[in-house]
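These are the structures, in structure tokens.
In the two assemblies presented below, chain A is common to both, partnered first by chain B and then by chain C.
Moving on, here comes the complex of A and B:
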């Protein structure tokens, strides 16, 4: 966590301009704000000050995005919608690719090729194209056909259900996420199906799927945890392109407005979510796989 | 048929009579106007305003001692009258006695004293300190009158007394902090009070019931729509009722709509291509004049909208605009002579001097609408005349560092916006804080000083028209145009009048069906 803070703070220090440059309209005011916010303090002083405040649960206050508002309350307000997107995308991605992998494992399949082709599209491009198509359709209906799209449809309105659905699909499958997850699950299924205990079960005439499912749960949990950082990164772009309110779009704005306490706070909390996801995955694996309980 | 009509008219008249007889009153329907901004306000406190979004919100919630009337002339708002001393070094202002803050307390002279002292306090770090720098001292004479003394003669101080007044009872001292809770729970005397910041970044305002005048619209909602190109569509979807400024590319779309009405308004803002006079090649006036004559300004303007091409630092409707000075006309022959005179020669179509090509970079702000189109068009025009042009687009922070602070640019495309005072001192005086190109002309400095201290409006106008003439000849920047601005409102709104700078100044008179 401390390393993450150091790297982010370094990136912020290297960016041209500061929050004082954004706000000030005169040299005198810029100097005053720079001193007031401690922006001219040495890098290490700022770093240790942030770490010291962090240990007391204080992430500071926003400088430019919402001047004076505690970072924690800003993030707390936007986090539910972002976490919903990330976890909905995880569930959608894992469950859909799992079903496909179950059917395609060890076989030649056009579905696999199709998934890989679609999934290779970058998140930003997929989100943008989806939005343009749906938006044009709604716009055409409204103006030319004279049909009002239903309340839930207009993409332009904040956080409409169509926008959220597009965000979940794009985040879950775009930037090769779909094909990578599918490939990992497929490999695990093939390995399990060719293992000795499956052969033994087959020889006994037992049903094979319960054995396969039980044994794939642990790698699935690890896979889910490993995708969390990718999805957290992707959500910044998706929220920005689809004009969704959330922590991702807030981080974008914080960087644009050089609001370093907010950018740093969001990074720290994102790192905490990644750590929590990994811990959760490890605990789940231990719970599912009795062989892991006896080891360190 | 006749009997049916008679029957229904009987029923109707009986129903009407009974309704009147039992005193039925139909409930009034609340009216809501939703308008779009690119970004929600970060802070609602006029002492710390940094964006136009915040300035427009301030116009809803707060009031100043003076404001602009429909003809943009100064008119009292919280003040009732003013008496300026003979030497124009002080004035006594009488205040209205029927003004109430949104929390129910009365407005007094203490609020005026507090606001001015707080803005002037260096520890407050106010972005608006420039609005009160001309005030030496302020003192409350009684509950409803204040005396203000000036640092220099001010024959018409009311023109500068349009900054917003804050309630002193909400603050402990005359040092204000940007983080104070007032930023999201502001108390003003304006026609609307801020109800809340919503989770979707919208902001809700409700009419202030105790406002001294009748206000037509019950509720206003500011909606954050970061992509400007979507704002027009939202208006057509009927998800909004007002757009502050229509993009030129959306004008045709809205003009064809029966739901929307466009309102043209003139802003005191102009575009320019500024040159860095401290470094070659633009340290030579001949090069600046030559470039000015190689650019086809009409051709630059056509793709981005309509407007008036300018020859100096004022819009054409300004009293300071010198109509005898014509904009630089495209003149390749004259430009060629000027460049040759400056020591350049044309080799294979490209201009060079001492083996060095005539080359420069145009720097522009990413946030300046349609700037990309203008810069690329400029680049293409100048390249075809043998001048090598590179382009770069900077975000807000980098722009402030490179252009404002370090003044590290060859030429820059930008826009200046002014309030009614149109004071270009900062941009053109050799000691001006925003004279980024390092322009210096002793005569212009002298005239700007005269204009600043002039007590006679005629002297001021005369001095500034001369400035216009001199600036045009020195060409520290190529003045481009002032764009025609349009607001768009749903046809359900009526009686709409728009202030060119603050937009909502006359919102109290707006009505909705």
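Moving on, here comes the complex of A and C:
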């Protein structure tokens, strides 16, 4: 029990830690704000006001993106689609690379090199190229009857399932996410397969995969949590390139319009998501691994 | 030298020549010309300035912050370590890309700012890696021997631990940071609004997603595909270099 409580406390301790980052951010933000809106409160006053408002669940109001609208309601409206993208990409990339790693761990395999070569493609390029391909594919039939496709991307205009599928795949594998996750999973599979309890299981003729799967769950949960910040960053790019509505493109526009309350609010919320993911990973580890539950 | 003089004599703004729009490769223009009649090969070369210098700056900043915090936390342990690590983990809980967007929105979109911000955003990763490595070494035999010889802790830390045992680790992280900076710079310049903007060339804005015109470069597809290939090649090379140094370390 002792270890479990310690782990949870450590994970919760990260949350005020990310609030301390708001100090740094709002200190920087303040220069811009005083310049633009003539706000001249001392820095600490502003900081403590922000924190006290934050504890009451109030993130302030948007200044330029949608003037006067509360940040929280703006984010709440477009958060579901963004979180869907992030979670779908997490599940897709972890499960597909896990299946591949299960087959290739400890072997020489061409698929490893192939995965590395493909997934090194930056997210924005991969999304763009996938869009070009999907677009020419969609207009394949119209070309046959002699109708030229328009010069912009017609697929960009609607929130089609094609676009969302592209977004999920690109986000899950692009910017070397695919090869990094794959090599991480491979390392832990090799570690587990060379351990004593697998030898023991083999010696008594038991099936090996239940033992391997149960032991890989904890590192897998930690890996998933560690990828969350990368995917939260990548979703901004994906939404921007594919013209999807969501928190990511909202953050980009907020930054461009120097709408700092909105940008800061989204930053705080994304840090909260990252902390929640870490907490979840720690709890999963305790749930799966009885050794972490302590002795008393 | 020839390359330097070629680059310094090239004027990014006045190269526009409407008479030779979107021409395929020729001896005068090795990679052809783009939709404004500018030489693609020269712009490709010129665009390396957008990430090489700032990438090195980012590496220096990350080394300064990440190495010092990681080494101090690992060496002294205790309250110092928990304080420093609380700082780095809380910085790491904000996605890097979000940090960079905020930084370029607040301090302007010049590349020096982006380089420094990328260095700061990457430093938690480096700090964490160095910390984990030093903790395993702190109580090892060779450190005890060095202490017994009366060496100062600064010398043990910098030479015996960081230089002799963490070189590979640091080098791998620097390579990763360089790839990360190229990625960030091209992403920002490509989507538009941040990063390098026209007429200054960057491999990102040469692809030209911003105007959403696939047909814009139809006369010379190389104007779009050359920067795409260049980005992919450099990132593959960086990943391969990291991979080989991982294998050398095992």
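The rule is simple: the second predicted complex is superposed on the first by the 228 of 296 C-alpha atoms of A that agree within 3 Å, B and C clash if a C-alpha of one lies under 4 Å from a C-alpha of the other, contacts with A are read in each partner's own complex, and residues count from 1 in each chain.
In this section, contacts are C-beta pairs under 8 Å (C-beta built on N, C-alpha and C of every residue); 3 or more make two chains touch, one makes a residue touch a chain.
As the structure is a computational prediction, the values presented were derived from the model and not from experiment.
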A:125 touches, of chain B and chain C: first, second, both or neither? second
Partner with the higher number of touched chain A residues, chain C or chain B: C
Touching partner for A:175 - first (chain B), second (chain C), both, neither: second
Touched partner set for A:232, first chain B, second chain C, both or neither: second
Contacts of A:75 with chain B and chain C, given as first, second, both or neither: neither
Which superposed partner A:116 touches (first chain B, second chain C, both, neither): second
Touched partner set for A:256, first chain B, second chain C, both or neither: both
First, second, both or neither for A:245, with chain B first and chain C second: first
Residues of chain A that lie at the interface with chain B and also at the interface with chain C: 17-18, 21, 25, 29, 32, 135, 156, 256, 258
In the complex with chain C, residue positions of chain A that touch it: 13-14, 17-18, 20-21, 25, 28-29, 31-32, 116-117, 120-125, 128-129, 132, 135, 151-153, 156, 175-176, 179, 229-230, 232-234, 236-237, 240-241, 251-252, 255-256, 258, 260, 263-264, 266-267, 270-271, 274-275, 278
In the complex, chain A residues that touch chain B: 15-18, 21-27, 29-30, 32-33, 36, 61, 64-69, 77-78, 135, 138-139, 142-143, 154, 156-159, 243, 245, 253, 256-258
Residue numbers on chain C that touch chain A, as the complex places them: 86-87, 89-98, 101-107, 183, 186-187, 190-191, 193-194, 207, 209, 212-216, 228, 231-232, 235-236, 239-240, 243
List of chain B residues in touch with chain A within their complex: 39, 42-43, 48, 50, 122, 125-127, 129-130, 177-181, 183-184, 199-202, 223-227, 230, 233-234, 236-237, 239, 395-398, 400-402, 404-405, 433
